[in-house]
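Next up, some structures in structure tokens.
In the two complexes that follow, chain A is the common piece, with chain B as its partner first and chain C second.
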Partner chain A sequence: MDWGIIAVDALQLACIYGTLAVGISITWSSLGLINLAYGFVFAAGGYGAWLAAEHLSEHGIAVMSAGILTGALFGIVVWALAFLPIHDKPNFTMRGMIATVAISLIGNQTLMWYFGPRAKALPEIFGYAQVEYAGIVLTANTAGTVASSIVLLGVVLWWMKSSRRGLEIRAMMMNPHAASLVGIGVRRTGLYVMALTGALAGLASVLLSQVYYVSPFAGTTPLIKGLAIALCGGLGSIAGALIAAVILAVNEAITAATIGGQYVLITQFGLIILIILIRPRGIAGILDRAREA
Partner chain B sequence: MPVDRQPDDVARPDILSVRGLSAGYGPMRILHDLDLNVHAGERVGIVGLNGHGKSTLFLAIAGLTGWQRGSIQLNGHEVGGTRSQGPGRYTHRVVRRGLALIPQGDEIFHGLTVEEHLDSGAFTKTAWRERRRRKAWVLDVFPPLAKLMSVSVGRLSGGERRMVCLGRGLMSDASLYLVDEPSLGLAPKIGKSVLDTLMAIELGESAMVIAEQNVSLLEGRVDRIIGMHAGKLKGEASVSLAGAMRWEA
Partner chain C sequence: MSEDPKQRRWRNPIARWGRNDSPDELPIQEWQDPLQPWRENRAYKVRLFRIGHFRYYWKFRGHGSRLWHRTRWWPTRRRILLLRGGYNPKTLRAEKTISDKRPVYWIMAFALMAIMPFLVPQNLTNTLLSAAAIFAIYAAINLCWMLVIGTAGIYSLATYSVVGAAAYGTAYLSIQFGMPWWSLPFFGTFIGLVFGVLIAIPAVRLDGFYYALLTLGLNELCRVYVLQSRTFGSATGGLYGAETYIPQQWSSEHQLMLGYYASVVVMIMALSLYRLVDGRRLGRILRMAPEKREAFAEACGVNYRRARIQVFLISSTGLGAIGGFYAAHFRGASPSLFGIELVSLGLAMLVIGGMRRAEGVVLGTLIVVLVRDGLVTWGPIRLILIGIIMLAAVLFLRGGLFGIKPQFRAWRDKKKSENRSTRAEKGGEMLPEESTECRDKDQVYFRRFDKMQRDFLKTLVCDEVIEEHRRQPLGQHSEALERLLLYFRRQPQRDKYAIQAIEPFKAYRIVALSGHRGVAPREVEEKTYPSQAAAYHGVFLRRVQDLLET
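The block that comes next holds the complex of A and B.
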């Protein structure tokens, strides 16, 4: 067993999963919306990047920012269709899930109809360079994935920690009722959150399509994994989601290297079920230091 | 300290003017055609038993009940009207018009620090610019908070949380403070000191309405005491009277 390869794989997967899970977690806790159209936003971000590579420039920065911007744009579309009209109606959680599933189905089929079922490859945005150190091969692709997701996540988390808008989003994540009492508008904040999480999905999409391809249903597996990781981390906790992403990425890399890639989903969900059985509130339940009121 | 009503007090502008307000949740009707006026600079107490609509009155003013109808004017702007669903939809606009509602129980952001909490209270545009000055003032009012500024609110005790909640309300640039049962769930001594603090706050051109079950905490210290029973306001008494009156509640 080659621990070097496992570590590098795990690192790369952890970054991509972490980006997705943080997006899902923020959406759920601040808007009360389980965004099942996240997979569609993910795929749309990939196609945005592909279009930019075809028509504008193959430069890495152009491709990546096209993916991020398209993701943010479709995040706003989901906000306009599935949050704005129904967020204050009774049983919004269920209605929101149904609305986002509908957007996801319609969106994926539209992508299929417009772009065709054939998968598209994005240009290698990080180049082909690689360095070898102590038997571990680190490709530019892995390094680029890790660096760009850490940078973007870092910027997002720093912004949420230090700005007025970030305070607004965090306040809404913790207590939406009290947030409206201090003058925070739910709909406006929802717009920021959906654009932000859409951008994260767009980034994850560009990064993941360095390994896989852009296809109409490319977002389905990332959505399911991202959602499961967010659940495992304790929906609503950013730190929990990041820790869960690392644990599950390590699990995935080890499984793939030892018993084979086809068993990844089995061990993945086995582990998630185990964690939820032991800590029903997910990993965040361990981190949370608040007194029960 | 009792404040003698000056003749020109009557001419002071209304901060809050409620006309024919009914509100409730689903099929339940809690408030029945209420009227209420609060002038600038006034401190009003509302007393009544549990479940008679004190909190619902406050929530209705903030647009947080299940449904409501009737006129609510805050600083001359209509913020009420008829609404059958969407609680909280317009609350932020009412807050920006100058409402600070300090809700019953502690509606806190458990993961934020005390300082972030106070900042969040200054979320409205004008207050945000002056938040440093306002924070200093809030710390003047609640000195124990000064050494807790970087502690996460989820780890504070009940009394400290209440102070944070009240402080958050005071941070906003509000003209009307609605304080819902400030002594609820606190040890009598702490509850009393919280109320002492509320009474000591200089109101200026703003106004404060305090809901309480315990009349003795308000007696002789507010400008007016209004009784609330079964969703209606009853038996208004000015301070001098309230001191002499025996309340059944």
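The block that comes next holds the complex of A and C.
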């Protein structure tokens, strides 16, 4: 068993899943919306990147920024359809979730209808270079994925910590009612959050498409894994999401290397159920302080 | 005074008695109907909607003891129809009313289902009959799901995976060990029970979204497992070849019909299960202890954990049986049972028709299955259509299609009360809140009447009337002036104007009465009037001024 490969795989997966899970976690804690259309935003970001690669340029930065922008755009679409009309109506949490399910149904089928079921391949945006160090082969792809997701996540976290808008978002994560009382616009902040998380999904989509392909339903598995990680880390906690991403990525890499790829989800969910049963609100979640809808 | 021939003139009725202090004729304004403001005020100005304004009930004749006769389900005391007996308050005729018509509609729907295969056009029989069978099976699944998601309020998304697991398990048993078709629902029941225990354990500890997401994950886990496992037909795209209850030697039309009727029977069984659980003790306990109100329920002595586990086991057992039937109906199972798309469609079925209502579930399933399996040629557009319907239902409807009526009523009542509060005019009339607070209801009516009267009197004030009063404050007057003076004289003593003689026949002054015995009137102005008549006219002018100002 090669621990080096496992470590590299785990790192790469942790970066991608962490990006997704942080997005889901921020959405839930600031807007109170479980975004099940995240898979659709993910797939749409992939298609945006593919269109850019087809029609504009195959340059890595162009492809990646196209994916990120498309993701942000569709995040705003989800905001306009599922958050804006009903966020102050009764039973918003459930209705919002079902609205995002509807959006994802519509969106995925539209992608299917427009682009067809055939998967599209993105260009290798990080090139083909390889570095070998102490028996570990580090491809440009892995390095690029890790670097770009860490950079983007770092930028997002720094922005959330230091900027005015980030302060607003954090205030809304702590107490949405009090935030609106001190003059933070719930709708406007929701717009920033959805655009931001959409951009994260777009980035994750471009990164994951280096390994897999872009297809109408490519978002389903990342959505479920992202949700599971966000859940496991405690909805609303960025640190918890990152810890959970690392734990689950390590588990996935070890399972894939030892038992076999088809058992990944089984061990994954066994682990998640175990964690959830021990800590019902996730790793970093505290039972009393969790967002009450 | 101008001598306009069109000008209306007032004739003094006592002119021929030869009094010279009053004029024989005077120019006056056009006559106005004093009842006009009354009619305007009484008119119903609220916009009426043509639909849903009244509740119509058909009145059946009831005579003597027939009026109080009720048919009951033997041996219980439950009634077949909720009838209300009574006497018409106007005609005193004895009459019976069906207060809950839903059983009637259900029976009509079942009758329609029974004759449906003979009504469809010949070229559509294949599509529609197989779609109808799918509809009935999905409706049965959704009814069992509703026990968990609606009655217990736990968002479990693993319903279709319970069905799928039972279908796969029984299909496997049937293929490997040659189990007969009638045993499949029983094995399915067992598998469902095991699955139910598995998903009930986290449900006790987790809540809300955590549980929804976990079950969504379980669904995906099953899908991936089935897709990759060779035992469950990863190569063939499903597990097929199970024993079926449909005789293979029959013609395809008869096979379809048998499948349809069998599925409808399953649906009716699921409906009765829903009714038995939701409408009785367990359902009441669960509805009393929804999420976030567990503490209250526990304080009331309700063991909600036990109730939740019970409902999970009952619903999973039902789902497992349906899974066994599914395997026997379709001769196997396919991985699409575990797809997230089916979960979305299932949610669409519940949301479109309306949660927590059996009829809503059945209608929602009907719509979704008709669009999905009836319009197969449309490709992905039909799923987009379902998504749009679902989105619209979530955004605009509170309780799905069957919630439209109460939602419309609530909206109309809101609009009504808004209109009522804008309609209440200031200046005399009481607002609705004020009038409910007021003890003396005569005050409400008096003030309303007074307002109308003042509105009318305001229209009477004109130059001619003032001129007439100036010429002769006392004595016979025209109708308009007489009405004004009568109104002024009828006012209460408090703040009523009076004249005070400072020096008789030389100086008069206007004062306002205090309204209390022993309290002197107060002075209202410095001005003195040379004569009594001038002072009377001064008082009249002040009163007209006050009238116009209100």
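The working rule: the second predicted complex is superposed on the first by the 284 of 293 C-alpha atoms of A that agree within 3 Å, B and C clash if a C-alpha of one lies under 4 Å from a C-alpha of the other, contacts with A are read in each partner's own complex, and residues count from 1 in each chain.
Note that a contact is a pair of C-beta atoms (placed from the backbone, for glycine too) under 8 Å apart; a residue touches a chain by one contact, two chains touch by 3 or more.
It should be emphasised that the depicted structure is a prediction, and the values quoted were computed from it without experimental measurement.
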Joint occupancy of chain A by chain B and chain C, clash or fit: fit
Contacts of A:Pro90 with chain B and chain C, given as first, second, both or neither: both
First, second, both or neither for A:Leu167, with chain B first and chain C second: first
Touched partner set for A:Asn175, first chain B, second chain C, both or neither: first
Which superposed partner A:Ala80 touches (first chain B, second chain C, both, neither): neither
Chain B versus chain C as contact partner of A:Ala7, first or second or both or neither: neither
Which of chain B and chain C A:Leu265 touches, first, second, both or neither: second
Which of chain B and chain C A:Val151 touches, first, second, both or neither: neither
Chain A: partner with more touched residues, chain B or chain C: C
Chain B versus chain C as contact partner of A:Leu231, first or second or both or neither: second
Minimum C-alpha spacing, chains overlaid - chain B and chain C, in Å: 8
Overlapping contact positions on chain A, where the chain C interface meets the chain B interface: 90, 293
Partner chain B, residues of chain A touching it in the complex: 88-90, 164, 167-168, 170-171, 174-186, 288-291, 293
Chain C residues touching chain A - in the complex, by the definition given at the top: 155, 201-202, 205-210, 212-214, 216-218, 220-221, 224-225, 228-229, 292, 340-341, 343-345, 347-348, 351, 379-381, 383-384, 386-388, 390-391, 394-395, 398
Chain B residues touching chain A - in the complex, by the definition given at the top: 62, 64, 85-89, 91-93, 95-96, 101, 103, 105-112, 116, 119-121, 123-124, 128, 152, 154-156, 161, 168, 172
List of chain A residues in touch with chain C within their complex: 28, 34, 81, 85-86, 90-91, 93-95, 97-99, 101-106, 109-110, 112-113, 220-221, 224, 227-228, 231, 235, 262, 265-266, 268-269, 272-273, 276-277, 280-282, 292-293
